[in-house]
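Pasting the structures in now, so scroll down.
Here come two complexes built around chain A, the first alongside chain B, the second alongside chain C.
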Partner chain A sequence: MVPISYRRSSQFLISIARRLFESLLTAWAAVTFTFLALRMSAGDPVGVLLSRGLASPADADALRIQLGLNRPLATQYVDFLSGLPGGDLGQSLYTSRPVADIILEQLPYTLALAGLALVITLVLSVFLGIGAAWWQRKPVGRMLQSVSGTAIALPVIFVGTLVLWAFRAIVTSGFLHLPPTGFQLFIPALVLGFSNSGGIAWTLQAGIQENMQAPFFLAARARGVRNGLPLLWHALKPALPPAVSLFALEASFLFTGTVVTETIFARPGLGRLLVQSILDGDFPVAQGLVVVAAFVYTVSLGLADICSYFLDPRIGREV
Partner chain B sequence: MIRRILAIIWLSTILAVAAAAPLLTVYDPVQPAGGALESPSAIHPLGTDNLGRDVFSRLVYGSRMSLVMAGMAGAIAVVFGSLLGSWSAVSRRQVDAVLTWSGNVLLSIPGLLLAMLFVASLGTGALTVTLAVGISAVPGYMRVARTLMKQIRQEEYILAAEAIGASSLRIAWRHIIPNARPRLQVLATTQLAWSFVNTTTLSFLGFAGDPSTPEWGAMLNTGRGFLLQAPHLALIPGLAISLTILALHALGTTSRSHTTI
Partner chain C sequence: MIRTNQPSALPILLILLTALILTACQSSGITPEGLVYGLTLTPSGLDPHLNASSELGIPLSSVYDTLIFRDPETGEFVPGLAQRWQVSDDGCRYTFFLREDVIFHDGTPFNANAVAANLDYIVDPDHRSQKAVFMLGPYAGWSIPDPNTIVIHLTEPFSPLLDSLSQVYLGMASPLALETWGPAEYQFHQVGTGPYRFIEYIPNDHIILERNPDYAWSPSIYNSQTASVERITFRFFTDSATRAYALETGQVDVLGEIPTTEALRLSQLDEFELFTIPIPGIPFQFIFNTEHEPTDEASIREALIQALDREFIVSTVFMDTSPIAQGPLTANLLPPTASTTFPAYDPDAAIRVLTAAGWDRSSQSGDLSRGEIPFVLTVIVPPWGSAPDVAQLMAAAWQELGIDVVIKLVPGFGSLLEAQRSGDYHLIAMNDFGSDPNVITSYYASDGLYNWSGYSSPDMDQLLVEAVLSSPDGEQRLAIYREIAFLVQDEALIIPIRDYVNLVIANQRVDGLHFSSQGWFPYLIDVRLNS
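What follows is the complex of A and B.
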């Protein structure tokens, strides 16, 4: 553990505050980039409605004024940024509903899927990573390693379709009765959790294997630390910080994962909303979703770094 | 070693198939050639899809689109990523800081999401998907290239070259680039695998425009609607995508063990 004196020292607090500030700064830059990327697009957003015959030129002008698109870019940007803390993300081009409401409405579906997937990722990656490292010379270990390798390499679009097909076939054959909720939630979460677990499992495995060759591990053995869990813990603990960072990374990657799984399993949620808003050209909704995702992503990465300060005292001191 | 050989066999097969597509197929990939959802038979070796188009023809022609999209996206990432990365590594501290920070900002948006942002900005279509996947992978490649070049610049043989008065251009051309190449090649292979994943995924999601154009990701998406009646419609393109990605990964990891990154 981190020495108490160090954890309380102001230097430590400063490094945490600095990391938080950094992640907020990055989040701001990412939000700005999203805003600019969508404004700099070849055609203006309302033009999409025009080209699809969904609005007359007069309607389009009215809509431009309503959305404030006729104003200078800088004014739009200031308005957009000042709306963010209050949760104002603009309104949909099609339904004129506030984007924040639309997102909140779809959020529970994605949260349920992503939450369950995260638990599955955690369990699977810990099992696969530790197992593969501990039994590295046995066939079991190699098998576990190739399972996580498969999880990394196989694209979610294929794994998802394969699993969907298998379960549809099983259910229609009447062999197994699955409650519809289980089918709607558990199976997509399983696909997502499995796909995300590979990378973490490999990191964990590589870390443990490296630590098992380090002098401190030999010292622990020499001191007579019992083989099995106590010895495993010596190799595992220093391997945790990178795995935790990667886990946070995967947690925020879950959003892109849900884009695909929600489409495959025809589930409602934010991912589907994003795909649909891009296909429809509903730019305020797409912008709102990317902004929220970028924000969640950067902040959770920052938090993961702070977690690793606690897990490995060496990291905090280097900052 | 076996993995490497299998990977090379698979990749050269699909490259050959893509090149020789008109010689291998009888039916037009976009015109109906029989009844809808026919099972595999002697006439249609992989059956027909929901619009009666020959699946084998679509698979063969689809390899062209999938490979070109992924290849171009990968090339964009590798070329611009290594250019920006080496620029960042050799320039003054302020320039380096600005480039690194901009890269980190872009990296703070997950790759597929960034690509989708570009699609939202540029509009749907095969070309924009390719550009979007390529551009969104540049910052990641740039970061790795920069770290690599920085490492090499600190080596003693660079110092030795500087000491005997070699020009910076000569140092870059004779020392840094040759030493960075093997590792950059490995990264390029992995990059190609990710480009393949992302382009097929975006086209699966319907961003590549006209769904009648044969492309593996779009074929998988179409087949998804007919999983029970005709599972091969989705599973065959899905398998083709997965094998290609596995092969690219296998090539990347085995050559890594040869060059010890």
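What follows is the complex of A and C.
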């Protein structure tokens, strides 16, 4: 007879391995799709450079050879894939700089904004979700629920513009002096944090409310688990996995750049880099960003799955 | 397992939060002192010798000096790093006698070898220069008769060369820095001889310049001998809708390309000043496709122009901030004359011409048609420069005559060239920038890259070549461009709309702001800050 703990851990490892394999497959599919899509839609990058007057027609062929574009698509694809494990994402068409350098340069800005926005998301969504569930029959609960409803309903661009407008009024009236960091980090983080918290709050709230009706919750009550935090934990714990998955999705979204927010608040970051590279027809950069995005999504969703495995004893243990 | 994990999450979160707050407080402590100047585009590259963005010249024209400068008032060339210059009689040799007292920001001396190193860097095919190399035209090489004299050789005369040499794209960089950093990294470590030193560039975030205390070779176009503002930070405000907001909240002191309504609103306030800066080049215009019925007939094209009240359109869309364009070149490049004036608003005349050409209005639908063929105009419009608004007003005027107008909005410049290849349009909206009238060549030469009109005439080609081969200064060259403008008007190849203006707003801290003849570039050396 195999000891239970050993069986559990081997099951765990198998499920992790399977998850990892699936993630790699997904990332590969995303990268391949982008590689092909960019070449189909953007056409010939040399043509893009020519059309913007950035190269002379006489140089076209030389440029094609220099950029390695005269080789068969399959060779280019294999070259691109084989560079990935070593972090080689190719070179920008405009500046001849390594794509990895260009992305790393913008990364800190995205990390700072995403990090702060995630902390705000976490605090807000936990407060809104648990509060709305726990006080569901009281006015304060309904109020909290409508706050998260508002967060879901309003798009970032609207909330952002509204907040900008409000802060303009405050600053121009002279009540408050905000340093540039305030405008470019805290306000956008607040906007993003608020917008992202709504969905997570609702997921938490729905889960807790459902669990409070479940037999195991009544049993815990009957067992005499103390009202308040201990009892709340009984209802909260099984409600966490879907919220964690959603949180991971939001995190991936934030860490791969937020175009609208970066643009409104005049901030650097991966989102604007992506838009700029597509508009410029600098497709190695766009491609590199998709690789990074695929990586971020894979890792964070994988982590969320592992968290869920530990949080909910029912997940991944069917034999 | 959960119980052991649970408590550790909280401290981690607290540490993260504290760290974030600390970094935020720290960075708010180094709020940049001095001037904050807003840029409106994020250039793909910042090397003036290799990249083509007009935005890069806003900071860099104060980092570099050029061999000569162009006086924004008179349009004359004045000495810069070259004290004087000579053009050979055949127009193929330009000799520059250089100043001997100039040193780069890195301490190395400026001399003829430095100029040669810059030219070599620009024309090196491996460096793939996107603009500077083309500005040199039929460049053949250089020779150095003595350490402070350089001769630039051309294979044939090229009259725009002096204008090219007065622009930041041909600014003089330290050969040592070019050599040390190479084409990929030099953009982050630029070294010139100008009134400001290049300190730092973080793409999409900021560029920092600091005053060059050793600047002692100020050209006559500057009012000051050295710069007065210690430090200038450039930040990027790419979203036009939030630019006025950035000014009002004090995030930026000077910012251009402000949308017209916002610019006019801010100019009413005490704390802001509006600068209306004309940008020389090709005015905002609609180019007729002369290869597609019915705009292949000159009389029809002329009637379509007469059907438009261009004054009304310009004043409605641009609220009287822009001058009405009078020809294929902006008024500051080629002052309009009576012979080059486009037909005025006269809808009745337009109807007479259309009727004479066999176009009749159906009594039932009111649609204009010739036999079975309806009069349809396809207009291709890019999103910038209020082009869609102008196209709407034009369409409304033509629809009055029973013309069916289809407006096609396209995303960018690439799609405009795409349209040129397909030929499936009657009109296309376009404007371009350039401080030399030569900018017109690629639009009207038979094989021109930007020949959207499809117009091809030996006379025109001949005139365009003559203009480039003519002597760089003087009335004779302008006379040739005037003949070209006359041809464009006579053939009704375009509908000129407005001369481009950059609406710049500066707050009351800023004093002494003025701009180069090229339009976009400020003379930062003369800017002072009020306390």
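The rule is short, and it goes like this: the second predicted complex is superposed on the first by the 305 of 319 C-alpha atoms of A that agree within 3 Å, B and C clash if a C-alpha of one lies under 4 Å from a C-alpha of the other, contacts with A are read in each partner's own complex, and residues count from 1 in each chain.
Throughout what follows, a residue touches a chain if its C-beta (ideal position, glycine included) is under 8 Å from a C-beta of that chain, and two chains touch if they have at least 3 such contacts.
Bear in mind the structure is a predicted one, so any value in this text is a computation, not a measurement.
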Clash or fit: chain B and chain C on chain A? clash
Once chain A of both complexes is superposed, is A:Phe158 in touch with chain B (first), chain C (second), both, or neither? first
Classify the contacts of A:Phe186 with the two partner chains as first (chain B alone), second (chain C alone), both, or neither. second
Under the stated touch criterion, which partner chain does A:Glu105 make contact with: chain B (first), chain C (second), both, or neither? second
Looking at A:Ala286, would you say it contacts chain B, chain C, both, or neither? Reply first, second, both or neither. first
Mind working out whether A:Trp135 is in touch with chain B, chain C, both or neither, as first, second, both or neither? neither
Which partner does A:Thr263 reach: the first (chain B), the second (chain C), both, or neither? both
Touched partner set for A:Tyr77, first chain B, second chain C, both or neither: neither
Which partner does A:Thr95 contact after superposing on A: first (chain B), second (chain C), both, neither? second
Would you check which partner chain A:Thr172 touches, where first means chain B only, second means chain C only, and both and neither mean what they say? both
Using the superposition on chain A as set up above, list the residues of chain A that contact both chain B and chain C. 164, 168, 172, 263-264, 279
As the complex stands, chain B meets chain A at residues 104-106, 108-113, 116-124, 193, 197, 200-201, 204-207, 217, 220, 223-224, 227-228, 231, 234-235, 238-239, 241-242, 245-246, 249
What residues of chain A sit close enough to touch chain C in their complex? 48-49, 51-57, 59, 62-63, 66, 92, 94-97, 102, 105-106, 109, 112, 115-116, 119, 122, 164, 167-168, 171-172, 178-183, 185-186, 237, 263-266, 268-269, 272-273, 276, 279-282, 310-311
Touching residues of chain A toward chain B in the complex: what are they? 26-27, 29-30, 33-34, 37-38, 40-43, 152-158, 161-162, 164-165, 168-169, 172, 252-253, 255-256, 259-260, 263-264, 274-275, 277-279, 283, 286-287, 290, 293-294, 297-298, 301
What residues on chain C touch chain A, complex-wise? 1-2, 5, 13, 16-17, 20, 23-24, 27-28, 31-32, 42, 44-45, 47, 50-52, 125-126, 128, 130-131, 134, 183-185, 187, 202-205, 235-239, 242, 245-246, 248-251, 412-414, 417-418, 449
